[in-house]
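Following this line, the structures themselves.
Below, chain A partners chain B and then partners chain C, in two separate complexes.
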Partner chain A sequence: MRIVVPVKQVAVVDEDFELVDGGSAVDPDFLEWSLNEWDEFSVEAALQMGDEVIVVTVGEEEATEGLLACLAKGADRALRIWDPALEGADALAVARVLAAAVGRESPDLVLCGVQSSDAVNSATGIGLAAHLDLPHLAVARAISADGDSLTVERELEGGLIEVVRVGLPALLTVQTGINEPRYANLRAIKQAREKPLEVLDLAGLGLSESDVDAARGSRLRKLAVPEAGEGAEMLQGSPAEVATRIREIVAERLSA
Partner chain B sequence: MARDPKYDILFEPIQLGPKTLKNRFYQVPHCIGAGSEKPGMQAYHRGIKAEGGWGACCTEYCSIHPESDDTSRVSARIWDEGDVRNLKAMTDRLHHFGALAGIELWYGGPHAPCMESRATPRGPSQIPSDFELNIHPRYMDKDDINEVQQMYVDAAIRARDAGFDIVYVYGAHAYLPFQFLSPFYNRRTDEYGGSFENRARFWKESLEKVREAVGDDCAIASRFAVDHLLGATSIQVDEDGVRFVEHVDHLVDLWDLTVGDIAEWGQNAGPSRFFEENHEKPFTGQVKAGNHTNKPVVGVGRVTNPDTMVAIIQSGQFDIIGAARPSISDPFLPKKIEEGRPDDIRECIGCNQCISRWEIGGPPMVCTQNATAGEEYRRGWPPEKFSKAGNADKGVLVVGAGPAGMECAMVLGKRQMSAVHLVEADSEIGGCVNWISKLGHSDGKENLFRGTARGLGEWSRIVNYRQVQLDKLKNVEVHLNSRLSAQDVLEYGAEIVVIATGCHFATDGLNPATHTPIPGADTSLDWQLTPDEVVAGNKPIGQRVLVLENEAYFMGASIAQKLAGEGKDVTLVTQAADVADYMHYTLEAPMLHRDLHRLGVDIRTYTMVDSIEPGACTLYNVWDDRHKDKVEVDTVVLCTQRLSNDELYRELKSDPAALQREGIEAVYIIGDASAPRMIVDSVFDGHRLAREIDSDNPAMPLPFIRERRLWGDTGNGDFESQLLAPSDMVAAG
Partner chain C sequence: MSGVLVVAEARRGELREVTLELIGAAKGLGQGPLSVAVVDHDPSRFADRLALDGVDAVLAVKTPGEHFEPHVAQSALEGLIAAEQPSLVLLAHSIDSLGFAPAVAARGGLGFASDVTRIWWEDGPVVGRSAYGGKLEAELDFPGRDTVLLLLRGGTFEPAEPGGAAPAWREVAVELREPRSEHVEFREVEAGDVDITKADFLLSVGRGIEDKDNVEQFEELAERLGATLSVSRPLVDAGWVPGARQVGQSGKTVKPKVYLALGISGAVQHLAGMRGADTIIAVNTDPEAPIFSVAHYGAVADLFDVAEQLEQQSG
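Up next, the complex of A and B:
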């Protein structure tokens, strides 16, 4: 089975950070990068099921590290797509770009993470399925392969599980905890650098800037930090003293 | 990052007579094993704290005269010009970093056995020491009193000449001034005994004379136990305690308040097992709360949390945060608060290993949390600075994330090794700490003294600190739930392999007393357990339990305490003179014994198990093995000895060709995997290997500077007009 796994190198924001240009972005000095947590699980699922695993990402140079981590764990090839025109691309635009890259591979299965921890849209995977016209199932918590179809358990609200059978090719978005992601030993980490890692721009995928623009669903207006509230007052003393003070505060606020 | 403004109050200066303390962080006097005779260790240990932001650092207790000689325990001494010269190395180093230097002038009376000087200690009454064995003082007449007071004055003048800013007249821990003050020691009928004023006279006159001699140049401090914790037979805080503070308040520039005495000074230097943070507050807190002083007050309480420090100051308990153990565990505690990174504070766990070495008498201080404590000078290890390893391009695999493995991986990470993988078989890092930290509780009921057996929960700070640091190190990966075989290690791709796989308890009763297994001992049976199996709770425990304790530290006694607390009938057997002998050194023994006694544990000392059979153990007296005794039991716990988990290491070492083929250049073994030991020594072992990973032969520790006199040499190898230390110890700027 040939499986393509779109992954994302996500930004991890420091406890304290600053915004640039009045809120267009977080100052990169306060960012660190790591592979999206959900993608650890989709990659593992692919490695367990696939004969050939190809990881794909849309991102700048810092995303190479995440691809190398996937190659070290056992992915066979990697593709990174970047183009200056992708600056500020939203989930749907990224899905359009990924569709061009994934389509080239004619995979039996596409495994995405449920969401990315930085943008939290849960849209890329489903958008990609739409562009590729693939059947899709979101929030998979268990997958078993069975000839040219899959049986998938989906996680629903309230602890419900939905069991669905889907024909291949298909696209799933994978939930954390579905498996125990492996780690790469030092030898595999070194050897990952020898594996194929292709870098393409939009033209390399046969796409134009207007294709991406047409797919875009939103545009970032502003990032902002919510204003802090009044803060907390720590009450100290015996339970009776604390209770008395709480009663006073409630009375004060009610009469205000 | 800037410090949180809520901590600003900790960085306010405080006036101490003629001297200004730059902030409220104060290292109170505490022993380190340096004294005046290891000036390098003394200067660099205190100096590191000054570099780390402490506003003042003091010597340990400093003897004023050969008549107060605590050998074999190591005090500082300021007996002559040679001591002035050696201690000046410390004051210079403190002043270089902008800290004040304090000296705790000490006369021990009968508590000092004078085994080196062979002098006769003097005391207020001829009552032998309740701390030292069979030492009687000479009764002091008025000439004696004048002579000893002159010793304080002469010592104070030498202290000033050595560069000290704060000069103590030390009267805590039941040393001489307190012996005069307390009716427990003072049975005199002259003007130095009887009434409060009379009992206070010696201390008051001594303060007057020292103040007269050096008070214009130095701040005068006094360390005072406000409550002896002996009830009405001695000083109580609400009686003579606050009365004495008021009586001599005009003579001091700083009060350093404690409780208790030297005979049970674990009530002051409280181990975390029994005492919580700031446990002395009910006593020492009364002095300022009752407006009994107009002078700044410093006190201790093993406080590591900056929020507690702020609360102590804002509540009016103390003006200055005193610390001994927290400053050993993290010499950079103030700086970490100042730099807005309190999560980097390496918190004291209250194990009292530091104190144990003083109690043993002679060895340098150690610290479970801070492997560099006491090593600042002789090994040139600064606690927060790590040079890039000469072989930083190598990849390292550390197998096992217990105390040694965690520390080794962390320090290798800080030394910028290209890649460090710490691989652990368990689902969390910490190794033995994860179950040991669950011990030490009994039944939660109030103890005979005060408080309860709190347990060893704070020992998990060993793991917490390292977890935080490992998370921050980009070049270190931690992998859990992964037990590696020799083949896995060979194929791992690391050039350097460190085996830190810990140890296990003997399952057959193999022990240090007989060097043989015990007939009938077999923990594969469901009624015989090793200590870790007791904590794991997977085997049933019968009503009658025998715990065999051959280790001489906390394990056997802690198991007995736990099971007795759960209502079992426990017999605790040891071949030694006392159970858990090492806990006398850590000051845990008195409280432990109170708890074991209260719980009704039947303690059999000088006793060994001859054989074990279902339902019974046969015991014998170690001095007379014909004296046998059969005890009926349902369950036996064997805390006899431990054995290294070194199979992986042996297997790797057995095939050098495979190591070479796979590109493994070195395999090291550390911690309990090398030889079972105390946690403090496992952490050290891991740290040592990482500090020296780029030496010619990292398996062998590099030599350390020995501060000794070289026969026939006018100078010393380690002293050429200034102290020599490795270049990375010298402060930048």
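Up next, the complex of A and C:
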């Protein structure tokens, strides 16, 4: 089974940070990058089920590190797509670009993370499925393959699970906890650099800037620090004093 | 293009409460006629619940299958949008919506945003949503999009009050796609030895406890304090604690008298499951942890230090 896994290098904002251009973006000096937590699980699921695993990302140079991590774990090939026209691309624009990249691989299965931890759109995977006209299911907590079909447990709200069957090819979004992601050993990390890692721009995928614009779902007007709510009453003092206050509050509220 | 189309959400024959929140949000915008679409095997079963002030019409689309199927739902919504030409479409940011709404937006070239927590109207809709783990809010608009589809975060918008005249009921003939997946069954996540939704006092721990071997210590602390132990998602994902103890969107929604969170930073999905607690007390080393935004009492402290003191003081 050939499986394509779209992944994302996500940004974590430092505790103190600054915005640029009145809020158009976070100053990159205050960002740290890592592979999206959900993608650790989708990659692992692909490695367990696939004969050939291809990882794809849309991102600038810093995303190479995430691809190398996937290659070190055992993915066969990687593709990174970047173009200045993709600056600020939203989930649906990224889905359109991924569609061009994933489509040319004719995969049996596409596994995406449910969401990325920085943007939390939860939309890229299913948007991608729409462009490829693939059957799709969101939020899988278990997958088992049986010939040309999959049995999938969808994780619904409130501890409910729906068991669903779907034929291949298909696209699933994968929830954390579905498996135990492996770690790559040092040798594999070294060898990852020998594996194919292709870099393409929009033209390389046969796309133009207007294709991306047409696919865009929204425009970012600005980022701002959210207005704080009323906030918690902060308990001060030593751990002992904090514990004493907590016990008083608990006792009072439980008897109320 | 005019008016607002709310897509009701139902599961196993029950209307989900978030539907009323969508209607409340739509009413608040005051942007033309408000229709509620019911895509279901038997739409009429929700007629009473949808008799709400401000709802102008219920648009019923009957599906052949009893349960939600994303490709059928997708074609139903595409057909409804083509027939009704709404300027705004509102759905819940729910697991079912995530399975088809982005596909509708992608195929239709619609304006789109998910996990929306604020909406207002300028020349068109403008929305606020959280970014970078709640540290920032992103403000989005949708220039050049005649129809905008939004997924609204549950528990955020005021629900429409029950009561009102029955709205006009209209069956809408929509060409539905064949299902591309097959429902097998519903299952509850493994039932545990406890029902955390019944507890008055929950002691809740998360990633902060660092090690599987520490779970037992917090079970003992909970017992000593007269609390029930609950957890956030990472501990269930890691297999340290059974799923029945999980609080959050994919776990249980709890409303205890006291919720004491030790070392839980407060991801959105976790907050969704516990913000209804009467009193929330949070202990975390990170003063910026989102849990403090919903807590009534907070302490910036190491959870192990506080836990040790709680244990000692409880004799």
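Criterion: the second predicted complex is superposed on the first by the 226 of 256 C-alpha atoms of A that agree within 3 Å, B and C clash if a C-alpha of one lies under 4 Å from a C-alpha of the other, contacts with A are read in each partner's own complex, and residues count from 1 in each chain.
Keep in mind that, in the parts below, contacts are C-beta pairs under 8 Å (C-beta built on N, C-alpha and C of every residue); 3 or more make two chains touch, one makes a residue touch a chain.
What you see is a predicted model, and the numbers here were worked out from it, not measured in a lab.
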> In the superposed arrangement, does chain B or chain C reach more residues of chain A?
Replying inline: C
>> Applying the document's definition of touch, where does A:Leu235 land relative to chain B and chain C: first, second, both, or neither?
In response: second
> When the two structures are overlaid on chain A, which partner does A:Thr244 contact: first (chain B), second (chain C), both, or neither?
Replying inline: second
>> Per the contact definition in the header, classify A:Ala203: touching chain B only (first), chain C only (second), both, or neither.
In response: neither
> Which partner does A:Ile161 contact after superposing on A: first (chain B), second (chain C), both, neither?
Replying inline: second
>> Per the contact definition in the header, classify A:Gly127: touching chain B only (first), chain C only (second), both, or neither.
In response: second
> Contact residues on chain B for chain A in the complex?
Replying inline: 1, 395, 397, 419, 421, 477, 479, 481-482, 488, 491-494
> Where on chain A is chain B touching in the complex?
Replying inline: 16, 180, 183, 185-190
> Which residues of chain C touch chain A in their complex?
Replying inline: 11, 67, 70-71, 74, 93-96, 98-107, 109-115, 126-128, 130-143, 145, 180-189, 200-201, 225-226, 233-234, 236-238, 243-244, 246, 249-253, 257-258, 260, 268, 278-283, 286, 288, 292-302, 305-306, 308-310, 312-314
> Which residues, counting only chain A, touch chain C once they are in their complex?
Replying inline: 11-13, 15, 17, 26, 90-92, 95-96, 114, 117-131, 135-139, 151-167, 173, 175-177, 214-215, 217-226, 228-229, 231-236, 239-240, 242-247, 249-250, 253-254, 256
